[in-house]
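Look for subunit A in each of the two complexes below; its partner is subunit B in the first and subunit C in the second.
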Partner chain A sequence: MNMHSLILRTAGHFLLPLLLLFSVFLLLRGHDEPGGGFIGGLVAAAAILLYLFSMDTESARKVLRVDPRDLLGAGMVLAVISAIPGVFRGQAFFTAQWWEFTAPIFGEMKLSTVLIFDIGVYLVVIGSVLTIMLNLAEAED
Partner chain B sequence: MLYAILSTFLVAAFAPTIHRLTGRTSGWVLGLLPAGLFVYFLSFLPAVSSGESIVLAWPWLPGLDIQLSFLVDGLSLLFALLISGIGFFIVTYAGRYLEKDRDLGRFYVILLAFMGSMLGLVLADNLIAMFVFWELTSITSYLLIGYNHENADARKYALQGLFVTVGGGLAMLAGVIMLAMAGGSYEISEILSNGDVVREHALYLPLLFLILLGAFTKSAQVPFHFWLPRAMAAPTPVSAYLHSATMVKAGIYLLARLNPSLGGTDVWFTTLVLVGSVTMFTGVFLAYRSTGVKKVLAYSTVMALGTLTMLIGIGTETALMAAMAFLLAHSLYKGALFMVAGILDHEAGAKDFLQTGGLRSTLPVTAAFTVLAALSLGGVIPLFGFVAKELMLEAVLGAPGLVGILTLLAVLTAILGVAVAAIVGIRPWFGPKTDTPKTPQHDAPVAMLAGPAVLASLGLIFGLGPGLADEGLINAAAASVQGAPVDGYLSLWHGLNWPLAISAFSLLAGGILYWRWEQARRALAWVDRAAEYGPEKGYFKMMDGLVWLSEWQTRVLQNGYLRYYVIVIVVVTAGLVGVTAQLFEVGVGSLNLERLKVHEIAILAVLVASTLFAVLTRSRLGAVAALGSLGFTVALVYVLYSAADVGITQVLVETLTVILLVLVLFRLPGFLNLSSTALRLRDAGIALVMGGMITLLILSTVDARLFDSISQYFIDESVPSGYGRNIVNVVLVDFRALDTLGEIFVLALAAIGVYAMLRFRAEDRR
Partner chain C sequence: MMMSVALPIIVPLLVGALSVMLWRSHFAQRALGVLGTGLMLAVSVWLLADTWEHGHVVMEMGSWPAPFGIVLVSDMLAAIMVVLTGIIGFATAIYSLSGIGKMSEKFGYYPLLHLLLAGVNGAFLTGDIFNLYVWFEVMLVASFALLILGGERAQMEGAIKYVTLNLLSSMIFLTAIGLTYGLTGTLNMADIADKLSTVEDTGLVTVIAMLYLVAFGVKAAAFPFFFWLPASYHTPKVAVSALFAALLTKVGVYALYRVFTLIFNQEVDYTHEILLWVAAATMLTGVLGAAAHYEFRRILSFHIISQIGYMIMGLALFTPLALVGGVFYIMHHIIVKANLFLISGITFVMKGTHELKLMGGIYRTHPMLGVLFLIPALSLAGLPPLSGFFAKFIIIRAGIEAEAYWVVAVALVVGLLTLYSMIKIWAEVFWKAQPEGVEGETLDVTSGPMIWMWVPVIMLALMTVAIGLYGEPIYQMALMSAEQLLDPSQYIEAVLGEARQ
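And then the complex of A and B:
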């Protein structure tokens, strides 16, 4: 599918990195401010879709680099992995683990299994939306 | 203990590799595992035979009161020793019997997994753990029976065994849960000490029948006996293991295990004794009139299982001693005889007793041990089978009720049992030499002879020195079945009494029956015709019915029209909610419209306008766009009420939905014919009902509050426990992470489903 619009194509080129960056931003701030893995994943998927409409499915796949189906698997694995560390510390499955530390430049940082889980959600959302959309768009050609 | 059971599954996983590495000797190498387990279980013997019972526990699902606990007492140890001991001979035997089979590696996997499940079943102290192992034995035995999966019969009868035992297992699960409710614990050791409470409990009758259904199907009691002979489609080592010594004894184990808490009532006595004695007679009768080697043995197993059920039902001390002695005797001789059946097939190609005769000269060692085992089967002095049979007859004569029927059936069984033993022990070996399909070149190899030799000899050793079996384990086993120490003892010579007279008479009568075998079989030909109306017929009718029902419901429900799916879902939902609202008299709250602000009215107007446009437009694209505008307006509502996350999500999802719909709509042809007015009225009606119901629901929740809202908890706990200020996100990824995991799993599954559908379409077109 190609809209043959020069304006859309140019805008798509510039918007794609910005939107992807924005999606990561949403993902990371999600725990404290509006955002999170689900929303971030939707924004990232929409970014790729915008690119798809401005170019074609082939270049959309190229810019994604990986098959969206692999994102599904990777996301599920990450989400399940995040559930495990608690078990080794004698807590229930899925108990969140937090590490707070001070890093140079960034100052105080919080890392957690919750973040790993959210990244898993992020990947699954991108993967499922794009698996459906890309294949639908290709089926049309 | 945990590691002992896990080791079987672990070795099972690597069995094909071990088989590849060791080749012809793989049977002996893998046999090390059951041999090691046997020695390990023997180490419990001194403690157990002095009357101790040992409980070992690991937490598993502490939240649900399920732990992985094991109970080692006389009963479970007796079973564990039989399973691992006979298991050793089976594994080594199979290594040679299936030597040329290309799937031997796979066979080891299932066999060892089965052994592990069986050990878990008899050693588990937790009811749920026991049930899990119980079902595992059903599944692994299904795979073993259907091992020759290229054979349609093997598949069919494997499935039959699975359906019958798993169907019973399902009933048992319900029974087990009720038992835990009645006994106040999932731990068997605790329930056993609570017998009176269980027997007085209101659920006693239902739970008893459900558990009995499980035990009876597993242990092939009439009318579920038909699956056992059919399961002989399995390779012979499997028959020897599953259907003589282990799998079918699981039901017996369950009855014996629960005897202290369930037994002792009239219902228990009557049900077990009647079902058991009828099964006992049916089994031996059908065995007598069969000619297939494995079939005769299988039916005589049915006889043994019936006897055991009956003895447990009688429940006197003598009966329980007899049950445990008979269990041991039967496992020994039946394991040996089934392995002999395999030798007959392997060396002489004979699967039917009519094809055999005079094999004594070519298979001398096999013949000798077969005779020994058959003597035990027939209950001839001085074999262990005799000790067990005498005790059985004594128990029957001393039963607390129904003595007349029981004695009659027991005597008939004893007579026919002797005839069956003669068929097995005399027919193939003595008399004129018959041409077998294959002429045996030599006697069976050591790996295949070891099992029959050792097991049959043990029958003789325990017969000559019953104290050995008695003090070792039988006494302790009977004590754990009774739930109290046992005074009785086993002995070879009880003096001149009724049981001895019955034994002598049955030897004579059985001998005559064997002598007139040919004529008797011809006279009994009518049984075949009668069997056409037997319980197996019912099983097949039921299976046909199931297939018919599922075809019908697939045709009706899975009709392939999206509109009908939607109609069904909407109507059912609206109906159920409506009825519930009516039943609970849900009130409708009042709306306060005075505080409505101008911008809210504007949003409302947009909502109504886009809805009307979506419904009335004749352009698909227009309808999609209208739906999109509807969604965005709803997002606006969320934002107005400060649900920022939900608002953002709504905007994004709405965007993607519109894109998705546009992509799909591109593929559809234009509207060719629009629905008729009648259909549109119907759809409008359904839509109004659904919309009206939702509206009423919302109105009713405006001021009704049945429970305290839990949102305050999330607001309070979000920062201290979840370390996040965005409550929605903390709920999603921390408090309710398991739900979210389920949701992303569904999401991924849906994507894969769409992918598969699109791909298959593409391939169809090509």
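And then the complex of A and C:
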């Protein structure tokens, strides 16, 4: 899998944090504007994949720190759990719940179950894409 | 707010997600498998009780009002199907304790099992035609992955046929949804039914109905779209076969029941006449295919097809009694068919083969298993006092009352041929002596982890007997579902009641 390219390797190292940051930006931006968990997850997975191409599978797993299957599971649990809070307020499953509060620096903030769902999707996308790609890469080695 | 209608979907999804998280521990996955499906069965029974009491249970997901949001609707038919899914899911999970193997567990057997069950329940409960399509895809993804667990050549071959034909069906389904949306401007099934009753161009409506017939016909393995089923169902693990045999085609049958009672009831003379021909041809081809085969699971697969014919016949006759018979038949069939597949798994462990010619003598060594096989086998063939007798009896009586004598004749002949091929299995596998020259492996199946295989088999056999002996409550449920199906205004009122005022 190693391409032995100095340019790719250097670029990969620099782009990885930038792309990950961008993916979080996309995730949080997604509620009212283009973006969201799915596209954010794809960007994050692409960041790790770029690292994988420039290095090898072992270091890609190392930089990820957790097993992608754990991400997949955690994401699915989060996404399903986000459906539940509405029920405790006597509403239907998946009814969005909002909490507004004022934070010292950021001003007025809104948190919602929609965000939890989106984070779940984000993790599921990273987890499933990387599970597939890492397995394929290891099968090739 | 009645949350019971969403729980049969939420529970398997959540358990499946937890089971992905715990992928390192075989024990945790197995425990979650049994407990999760058990919990799913419990909430399904709760839903059935709610539906029995209220007639229809409706929930607007995310509080988006119908017909704009997605609604979950449970009427009697849907609730019955969900309970059956719970029973089969539970039985399969217990069976998997001994039958599935570490390798399959490593590749995600349990999460896929839960995902499949969520997909099946979703398809039964949704009140939105596009959402139905989504659940079909969920099922397709999960079932494809389950089908190839193990990665043998035959499995791949079967899976490719399975996926190709099912994708084709999905495309036709999607086309039909597009046309429906163009005609009515809505995707909510109750709203579609409401709007279509005022459409003047009934010709176009009938065309769309036929597209749905083809799409669901493929899923239900009805004639002439059945060939993917015998090509694939004998290849995966036995527990997976049993799950597929019991549930997947029945989702297609359920979808046919749903759209051809709720939505397309304008030109019954035309559409249901076609359904009747399809039913007769499905019954015949299935049973003839079974008669020609000598592989345990292939025979059973062909019998699924022929049984689907009876269910469609109930829908096609479109009288109250016929629908009662159809629903009763679905209930009986799901339990009996799953059991037969599970038993084929036990004989496979004993003899190491599914070929009838290479087996024999099991009745001498394990008479108990012989009896356990005879209960579902004779029930499938329709011998009293087992569940299959009453199912067939109601449908055939409905056929006579509707004066559709030729299809009654077909149904009776098919019943006889079913008996023939069940006796064939009985004689080859259980009765005759172990053929000479063939080494009969006799693995011990009555001790150790293999003991788990017997639990669901005995459980399902008892249910078969119980449905036969105490059929009255089952009949009442089928009766209530038939009344609801024949009066779609109840369904429309339950879903759109508030919106229309």
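Side notes on the structure shown:
By definition in this document, the second predicted complex is superposed on the first by the 141 of 141 C-alpha atoms of A that agree within 3 Å, B and C clash if a C-alpha of one lies under 4 Å from a C-alpha of the other, contacts with A are read in each partner's own complex, and residues count from 1 in each chain.
Note that in this section a contact is a pair of C-beta atoms (placed from the backbone, for glycine too) under 8 Å apart; a residue touches a chain by one contact, two chains touch by 3 or more.
Keep in mind it's a predicted model, so treat the numbers as computed, not measured.
When the two complexes are overlaid on their common chain A, residue A:Ala45 makes contact with subunit B while staying clear of subunit C.
In the overlay built on the shared chain, the residue A:Ser112 is in contact with subunit B alone; subunit C does not reach it.
Touch criterion met: A:Ile132 reaches subunit B, while subunit C stays clear of it. Shared-chain residue A:Leu21: touches no atom of subunit B or subunit C. Looking at the shared chain after the overlay, A:Ala74 reaches subunit C, while subunit B stays out of its contact range.
When both complexes are overlaid on chain A, the residue A:Gly90 reaches subunit C alone and has no touch with subunit B.
Looking at subunit A, you'll find residues 69, 72, 76, 79-80, 83, 92, 94, 96 touch subunit B in one structure and subunit C in the other.
Contacts from subunit A toward subunit B in the complex involve residues 1, 30-39, 42-43, 45-46, 49, 68-69, 72, 75-76, 79-80, 83, 92, 94, 96, 98, 110, 112, 114, 117-118, 120-121, 124-125, 127-129, 131-133, 135-137, 139-140. The touching residues of subunit C, when paired with subunit A in their complex, are 1, 3, 6, 10, 13-14, 16-23, 59-63.
Against subunit A, in their complex, subunit B makes its touches with residues 63, 644-645, 648-649, 652-653, 655-656, 659-660, 663-664, 666-667, 722-726, 728-730, 732-734, 737-738, 740-741, 744-745, 747-748, 750-752, 754-755, 758-759, 761-762.
Residues 69-70, 72-74, 76-77, 79-81, 83-84, 86-87, 90-96 of subunit A touch subunit C in their complex.
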